[in-house]
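Following this line, the structures themselves.
Common to both upcoming complexes is chain A, partnered first by chain B, then by chain C.
Moving on, here comes the complex of A and B:
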């Protein structure tokens, strides 16, 4: 007994210490976000990724854009509740005045808008936002020193802007097509009509920054944002960002009508309570970057965050039904659900630059290659892909116009996304393909379990038409950057990517297959069809119209007929938030703009 | 003095060796950040422009020399991804990692030593077998499983719901203890198996030596034998293990712990730099880890001489 006691005594002090720590700490601390005033409203938002920079010139991904549009002002934004998405003036004082030829845009900004107070300004007082600030902000995208990522939006479109860059990017040098007419008037002169211009001005890339702050903080402006948005930054690191209401943000009462409220589909969310109140409604926003699905879900269930995009691994737990997606009864007492179709799609492109599968100087071989691509597409089992990886609630569609765009044709022929093994085998045999002469397919993907599973599933689909397994090889890359380098250098035969649209206009997906955009551009298929290119050029300068829609659909058919891509699926995103919150979150074009309308208190929270 | 000087020269050579290997593996063959920094529809000229800015177009030797020069002059530069000065990133994140990892590190080692001693003392008996079996079990369970299980058990309504699932809003001692408790417990559970096995092996070996038998023959109690003779004479390998773990705790942190618990430490920063190819951050972390290892090695050698005068 005494020997055992000796043994126990050796181990006891650290155990006792641990127990003591647990006893002392064993209660959840009041989060510091619970502010001193009773009415202090805190909204805690979980994101499944993190931005590395808050500089609007680097707002190239969902996460960076989400924060940028809250810290800075853009001229335009999307109406909070209107579906389909519609533009709304933000910093601008109304929609732009466009000349009859569609080349000159004149935009007035709202009066009395100020940047937040910051030491970068004289006496630390934020000055008024001027039209010149917008001009400066767009010029930054063309300054090589900024290493900006948004120049592609305006490249080759604004008179004199590309030349400004070539001449050394001197900010004191005027750009003829990008001028501040006076403190509140911006004039943009285009080289040719660009109907999507106003959409580009609703992106984080186009956010307005003050020159003195950029000069004062240099590269660190990326972690020290100074803007005029509804919120200002309190802290930012790899785990999250904390934003506080900008007390000088303009006073614009919330109007249900102006935001496009639909009582039938949006009633019961507590939004009616917000009418005539002045956003932003939350005093503080805590955005947590939680990439790990399990950690994100646990944080949500524990009440540490108010909103999450539900990981697919939890769909079984969350959903009572799939079509339409509804919330399971036990969760419905505490949470609300919104099922959003993503504003984009996932597709697998053939590298048309590869002679084994794409274009070939020999016309006969070119026809055989097309037949092989079409056979592969016919063998692809979209329902299985949807079921295994997207819980069966993604929307499969033929071609490259995603379902959430206005130009989508719900009545189009769905044969290209229906599995047809017999047809695939016939196509191969009639063009002389057999197991012995099929080319080795190299399927690229960044290293991850899910990507590997998708590859294996693809290989199993192909096995069903007699494609030998050893002839479908994985090309694995350590990081997405390495993968991107490979496919942008045309080294990958089959490239799977997801595209998130920049604006709600199918032009944004059409350009993915426009010949001159071939890699290193966004046309990773390196597709080059003269007729497609001609139609793209013609439609690119047209305003939305039935004729333009018909042209897009025609181009869509060309991509389908040429068997350029295995496409596609738009994923359904399941968004979940606490019932007490009066809001309608969005991961699409409204994106971060919804934060100013998120009200942590008003909804009441009664189960329906 | 001569001893320390000799060690410093060896250390310098070691740093050069480590920096060279890390440069080759992580920088030269590491991820190319160009394609994550350029925008959509970038032209070949724009890609070349970014490559030039990042120095990717420089020859191997030039890049290595720049790398070493920057490191030795502590010119750490700014992160390519965020633009923030690397020195500020480290100043912000290293203390967090230290505060996060230290309790688990200390407890894991203390418990490991205690259990190792207990097992060694009862070698072959049920207590030894039980401790060994639990150690192997602990070693076999994935870190991820432990982290997720503890989160669910201690931090969610499915379990006790006592601690925050994640975050690091540390303002005072109670909030620190609250945020550090579950990560510490995870770390202790993960490392305890390895530590116990290691220390047990050392103590068993030491307990079989002649001087222990002599002590027993002189009638020393089992407790005195274990504490005064076995533990004291095992200090050299214990110091080695503890000391060489310190740079990893201070600089590299723990990626999994920081990721799953949402803690803004240096481990996450280092991991992001490795996967994205953010070379200024990467070379600072790798270089400082190498330097810390060398300093630790020198300190360890000096400590050896302190606890064992026979070490020349």
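Moving on, here comes the complex of A and C:
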């Protein structure tokens, strides 16, 4: 079955009838009445998970965020093609004006932006987006009734916002630090400088929603989104979502230059053909939620979806080479590939709150515990972990500044991620550790095949330094939620988690080891180093600069030297899509924003 | 001809039953060898390459971690027998006890209470109940055992109850009562031994069911927590089969098939041998 279809010309009365029916059904594609009818472009996207809500206040995972930024507008987004990632104005009319002290951000929105037509508005016509809609949208995160998940982004940052919540979250009450100066001007006043603020405004959490729609639909707003994004929702259920081009979306021609196009690395993808055309390029987006790897892969190979994040189990079949990853010849005839280094990393933290392995009131024991942690880290075989679980194409690095960030130091000492069994054994014996007195290590993980295999591999690594098998025990949890609850309660000795960065700034990973963020906060290692904390506080209010980078790297060394975490690896994701599609998909910061630029038929690839 | 001779004679004349006995015996030997530490001790060592094909070093090849699949399959025999034995013995004893009490005190409140409990347990879909108990007790090594014992006793209990109700009207029981023997003694010494044919058959059925259930629960991540089993191997194989590696799947499923087939043949033969109707033919 062809994935594209076009309307054929037939007699007028049936056309009129069909148009009427489609208009009533709310799924009429926009058509010019003159000239040849353009192709109705459908793009079908496979996702490996499903969002439970389309309300931006619940856009806490990749899947919800992916849809939120297409159904709603955010003030900012990331440039489609620029690497490293750079911010671009979206609903905002340019980057914010920031006061000299870094405390006041003034943002103008674009004129003439409208919400989609919806019965929630008078006469069903979407009204213009106003600055106060943004204010309302951010306030919703602080309204307990919303049960929002994004408040942490702005908690303790904006003047009066936390107090507004404490005072009962009355939307008619003004927040001094979050104001609509006029219909198109937003002013945000910070308690202290927060250089990452603009990044937070590029997230689905910060999407702009109309108050009347939220009030009209109540809880139903989660499945009845009303926004001003490039697409509007046609249907949504546990199997998928269907989006249709928003005919009232602002007319902004696509500029290769503005989006950061690099002809050397991005040429040949058909992107050049898109220049000066007006996105969104697809008329209809069909997103299928297929969690099972085999089913997703089979759907892709059968041509039922146009895009897939390739399951690792298929890497052998898909890749002809690893460095750089290239597509096998038979697949290259039909598909294109993008090797996408993830914007985050996987790491295994020691629970520093556990006296058997972490901090101890007895200074001598504390030194011995550190030695044991360092020995475990030395015994960890990163190349093998990478080979087995990430097909050897993940990027292993020491510490907590992932390669995706500008602050990453490619020249840093790699010794902490090199296996040193002799060094590990020496460290253990010199600190009095032997098989008889080693503590029982409880390694937590949610019950799944891969997590169990990672545990077994960890145990086999430790066996090489004489850690008895029976002293490394699995602590399994039925769901990830149970697991998270346990490590947030500091009940797990060794916690393996993946962190996906919220914005391309290493501050976002530094906060994972900031003392006051200890569990139930994001610091699941419960690391508490006064010098680290001091540097974090000082750097958190600094704009990006060589000095701030040096501070981050210094903090990174502290985490490495204290042997707090077995870290880390950034996974390389293999993304495949049909050759006919002109697009460059992305799973990190651009994320769902790329969808408006996906053109189902401009690339001119060979037909299947 | 005494009963033992008759039963053995009947078993000996049943080639399928004998084959089952041989298969189960072989697996039992393997399980004992693993218990004694003679074989299968390197099941967790990951010293091979990823997904090695079967060869002299690794008879069944290796899995994604480089672990020897043969070692893991062999060690899983021990896991299967451990779970099978614990569940079969415990559930049969529990079923015998509760069934005997219900039968002996039939139509009393004791019988009512036991029947009510059995009815409640039987009304819940089996795998749903087992999964729920295993889920609730997850993290505990014996969660799966408890889940199975809690459900497997009911069939044994029902059969024993009926048998005891029949036996308690027999002359030897009436005689024991007449001379004033206490109920517990009559039940334990004279009635329950006469239900042994039911218990043996039920134990063999429970053994098979326990192994199957363990495989399913482990496959779902609710079974074996620390160790290896055919269920875990099958769960691993779901990802490997997709990538074209079948060793884990074949090793686990074929060994599971062989053991279950052996047990089923043996259980059928036992059932026939203990069946009084067969004896009278």
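The rule is simple: the second predicted complex is superposed on the first by the 567 of 608 C-alpha atoms of A that agree within 3 Å, B and C clash if a C-alpha of one lies under 4 Å from a C-alpha of the other, contacts with A are read in each partner's own complex, and residues count from 1 in each chain.
By our rule, a contact is a pair of C-beta atoms (placed from the backbone, for glycine too) under 8 Å apart; a residue touches a chain by one contact, two chains touch by 3 or more.
In this text the structure is predicted, and so the values were computed from the model without any measurement.
Visitor: With both complexes overlaid on chain A, does A:538 touch chain B (first), chain C (second), both or neither?
Guide: In the superposed model, A:538 contacts neither chain B nor chain C.
Visitor: If we overlay the two complexes on their shared chain A, which of chain B and chain C does A:150 touch? Say first, second, both or neither.
Guide: Once the two structures are laid over each other on A, A:150 reaches chain B alone.
Visitor: Which holds for A:469: it touches chain B only (first), chain C only (second), both, or neither?
Guide: Second partner only, chain C.
Visitor: Taking the superposition as given, does A:440 touch the first partner, chain B, the second, chain C, both, or neither?
Guide: neither
Visitor: With the two structures laid over each other on chain A, which partner does A:239 touch: chain B (first), chain C (second), both, or neither?
Guide: In the superposition, A:239 touches chain B alone.
Visitor: Examine A:387 and indicate which partner it touches, taking first as chain B and second as chain C; both and neither are also allowed.
Guide: After superposition on chain A, A:387 lies in contact with chain C alone.
Visitor: Quick check on the superposed pair: does A:293 touch chain B, chain C, both, or neither? Answer first, second, both or neither.
Guide: After superposition on chain A, A:293 lies in contact with chain C alone.
Visitor: When both complexes are superposed, which of chain B and chain C contacts more residues belonging to chain A?
Guide: Touching more residues of chain A than the other partner does is B.
Visitor: Taking the superposition on A as described, I'd like to know which of chain B and chain C A:311 touches: first, second, both or neither.
Guide: In the superposition, A:311 contacts chain C only.
Visitor: So, A:517: does it touch chain B (first), chain C (second), both, or neither?
Guide: first
Visitor: Residues on chain A in contact with chain B in one complex and with chain C in the other?
Guide: In chain A, residues 294, 478 are touched by chain B and also by chain C.
Visitor: Residues of chain A touching chain C in their complex?
Guide: So the residues of chain A touching chain C come out as 293-294, 297, 311, 313-314, 316-317, 387-388, 447-450, 452-453, 456-457, 459-460, 463, 469, 473-478.
Visitor: Within their complex, state which residues of chain A touch chain B.
Guide: Its residues touching chain B are 3-4, 6-7, 10-11, 13-15, 17-18, 21-22, 24-29, 31-33, 52-53, 55, 60, 144, 147-152, 155, 218-223, 237-240, 288-292, 294-295, 298-299, 301-304, 478-482, 484-485, 488, 511, 517, 520-522.
Visitor: Quick check on the complex: what are the chain B residues that touch chain A?
Guide: The touching residues are 31-44, 46-47, 49-50, 53, 78-79, 81-85, 92-93, 103, 107, 110-111, 114-115, 117-118, 121-122, 127, 148, 151-152, 155-158, 161-169, 171, 174-175, 177-181, 184-185, 188, 222-223, 258-264, 268-269, 272, 275-277.
Visitor: For the complex, give me every residue of chain C touching chain A.
Guide: 44-47, 50, 64-67, 135, 138-139, 221-222, 225-226, 232, 235-236, 238-240, 242-244
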